[in-house]
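Below is one structure, written out as structure tokens; comments come after it.
Going by the order they are written in, the chains are A, B, C and D; count residues from 1 in each one.
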Amino acid sequence: MSGLDQIFVWIGHRAAGWFPASVQPLVSAVLAIAGVMAVFGTCFALTTLAERKVLGRMQNRFGPNRVGPYGLLQPLADAVKMLTKEDIVPFSADKTLHFLAPLVLTVPVWLAFAVLPFGRNMSAINLDAGILFFFAVGSASELAVFMAGWSSQNKYSLVGAMRAIAQMISYEVPLVLSVVPVLMLAGSLELNDIVAAQGTYTFGGLARWNVFTPWGLAGLILFLIAATAESNRSPFDLPEGESEIIAGFLTEYSGFKYALFFLGEYLGLFAVTGLAVTLFLGGWHAPFQWLEWVPSWFWFAAKFGALIFLFIWVRATLPRLRLDQLLNFSWRFLVPLSLINLLVAAAWYWTGAWKFPVVAPIRWLLCAALIALPYHWLGRALRGAMPPPRKYIYAE
Amino acid sequence: MLNEIAFLLCAALTLAGAVAAMMLRNLVHCALCAAGAFAGLAAIYLQLDAEFVGFAQLLIYVGAIAILIVFTVLLTRGAEIQPGAASSASSWWKGVPVGALVLACLIWSIMASPSLVRLPSPNVHAPVKQIGEQLMNQFVMPLETIGLLLTAALLGAVVIGLREPRTSEPNS
Amino acid sequence: MTPSLNQYLVLSALLFGIGLAGALARRNAVLVLIGLELMLNAANLNFIAFWRFGPHPEKLMGLMFVLFSIAIAAGEAALGLALVIAIYRHRRTAQVDRFDSLKG
Amino acid sequence: MNGFGIIKGMIETARNFVGSYHDAQRLTTVQYPEQKLPPVENARTIPFLVFDGDDAMAGLRCTACVICEKECPPQCIYIVKDQVKKPDYVGKMQMQPKVFDIDISVCMSCGICVEVCPFDAIKMDQVFELSTGDRFGKLLLDKHQLAKPNDYFVKIHKTEASEIDVRREEDKRKAEAAAAAKAAAPKSPATPGAAK
């Protein structure tokens, strides 16, 4: 079990062992960085391909299948195309900010991977305030989007950037609030502790992941919705809604800078997905006790891949929202629901002390009802707040 | 030595950001430079072993306040360089001497105080858990007050920012 | 060698001076607010530095002060900027020296 | 129940996703360069010139009447009449084009030339792989490139072509009958026209 499980840790140790002791921390840090960048860089390439293929299949098309066997070399072709394109900077653009924006977006996103535990003993740094670090470095992306949109001196860019910021600010609130119950129940901001808190098994060897509790399930769904919006993905892709504002804040970008934006957006999605896996899906723990022999990093990767597939699936299914629907949905539905979810988590915590027969199902149902009823009411209220369905006079 | 260099870098970033934020003519540049200064300060907090505060600084100042400022700049059309911008240079005579005077006082008192040349206590650690416990015990009253204050500020900002319904004004 | 307390205090003083000079000299209300934030940050840096170099860092007093101060700064910024926008709606300007009459 | 529609939609896309792997009916995409759909009979791209027989230039139905040139809305047809005449299918002497060019970069595939042609000489083609690296030279087709045998016309527009063929056969037969009658009626001396 431990051989394959710890193979990357072992490789890192051996590689660092060749260097003098004084630089060993530096070397192991560099190795961790290189590992993360290599793995998630590849992951980026594969996801762009997978996204196009899965989207194609969901729309009864083939998707890319020309470059290489089954189109597997498509990312390579895309990369060559992107990097050989002319880098156009608009004449009236703010050159410095136009240049800095992709960097400001991409660099902090890489930092966010530092605290994610990818497997047993496999996180680059153990920060005491890991979650806070994650959200703190993620907050730079809003400024980057603004810089990109404003510096382009293009009205579509500016509108896209303003939409992006309004959306990111609105959805950051439920994103953080849906994480709080996990922190409350785990009693720590450190991601390794949160994973460890989900590491035990209950009856039948089923894992005690947060998603198997009412507040965890609700939290995961809230988190995923907010994460979709944070990473500007469909159905919340208004900032880049190509049918309305060309490409939003990306309109004036081309070539390598555009590729960097693309990379930054996907990495942001990966980081948030990794966080969802860590917080709600038990991190690198196996779902059943008898599956513990499978390496921990495999479980992380499997859950990660499943969530990425889910994001692609949602993108293939749902149409884009309107801006007022988007903001109403956040402030009138997600934020109150995530606040109520806090109360549910507290109720779950207090009912944990109950001692009478068949307590587990009762406790589960009670807490589930506590979140399901507000969900129903808020949903109805939200539907009431929306304008009524449009009446068509001529088309019918 | 490494610490010293890191400190100097962060300090340089902070000061450069602050000076640029106060001197540049384009308000969006000012706001972004201010964000840079706030980020530099966060780095200095991290260097001072105040992890939690450093991240909070980054989250709140860079993630929220800088964005708010940028939004306000755009909403008040401040990004355009006004024709009156040249005259604002003439008001430097008000600000700079006062700032320099205060600065001189502060620096003089810092330099004159011998007790301030001290080295940090070793191995300071501020675990998040301890911060949380303190917030819930010793500082629970300020915490609640802050909560109330923030709620009031939120409501106040919304009320102020609300566009009042267009009433017919007879004399306009 | 690590930086001493003096250096942090000098940095903080410089920041305060810059913020003060800017807040007094610039006429745009947003810039005045940025200057205020810089001064507030200078104070925060002082708190952190004194906490770190002080005799009882384990009591976390300085940290707590800064946490509360950051929270207040956030509220202050939100309110201040809302005021700027509200005034801009009435006067079509964000220059502070034009806000000189109480009558709207 | 709120959110139920989303789940229904996601089931639908999932059904597409799974179905597209084992249900050929769903994947309607044609892998173009390797597979091609058989063209529909009414498909039309650019005009071509129909000729009868084996010799393209001799059998060209076009009589250089320049109606099409005049009618063409984007004016992409360019015709120069030849001085030499040649007999048409009924044996009548007709003009023939010396130059017949169509600039297919200008042609908008409206088919008006086909409508107005009284000789069934110009018809719409179904070729579509017309792209070329030479923007000015290769897109200007002359009469040698435009001429295509009647068999080809029959192949692509079966209904229309057979109708025309029947009509032309009839014309030919009538003309022959007329010629024969003419040759037969005045038994006496010489009829120079009929001999020709």
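Assume a contact is a pair of C-beta atoms (placed from the backbone, for glycine too) under 8 Å apart; a residue touches a chain by one contact, two chains touch by 3 or more.
All figures in this text were calculated on a predicted structure; none of them were measured in a lab.
Q: Show which chains lie in contact with chain B and also with chain C.
A: none
Q: Which whole number of Å gives the spacing of the CA centres of chain B and chain D?
A: Computed from C-alpha means, the inter-chain centre distance equals 76 Å.
Q: Please compute the C-alpha centroid of chain A, do the same for chain C, then give the distance between them in whole Å.
A: 34
Q: Between chain A and chain D, what is the separation of their C-alpha centroids in Å?
A: 58
Q: Averaging over Cα atoms per chain, report the distance between chain A and chain B in Å.
A: Taking the mean C-alpha position of each chain, the two centres sit 29 Å apart.
Q: Specify the contact topology among the chains shown, as one of line, ring, star, complete or other.
A: line
Q: Inside the complex, what are the residues of chain C that reach chain B?
A: 1-11, 13-31, 33-35, 37-38, 41, 44-45, 48-49, 51-55, 57-58, 60, 63-64, 66-68, 70-79, 81-86, 88-89, 94-95
Q: Would you mind writing out the residues of chain B in touch with chain A in their complex?
A: 28-29, 32, 35, 42, 51-52, 55-56, 58-59, 62-64, 66-67, 70-71, 74, 79, 127-129
Q: Which chain A residues qualify as touching chain D in the complex?
A: 54, 57-62, 313-314, 316-318, 375-376, 379-380, 383
Q: Which chain A residues qualify as touching chain B in the complex?
A: 97, 127-129, 132-133, 135-140, 142-143, 146-147, 150, 162, 165, 169, 172, 187-190
Q: Under the definition above, what is the set of chain D residues touching chain A in their complex?
A: 1-3, 6, 9-10, 12-14, 16-17, 19-21, 26-29, 31
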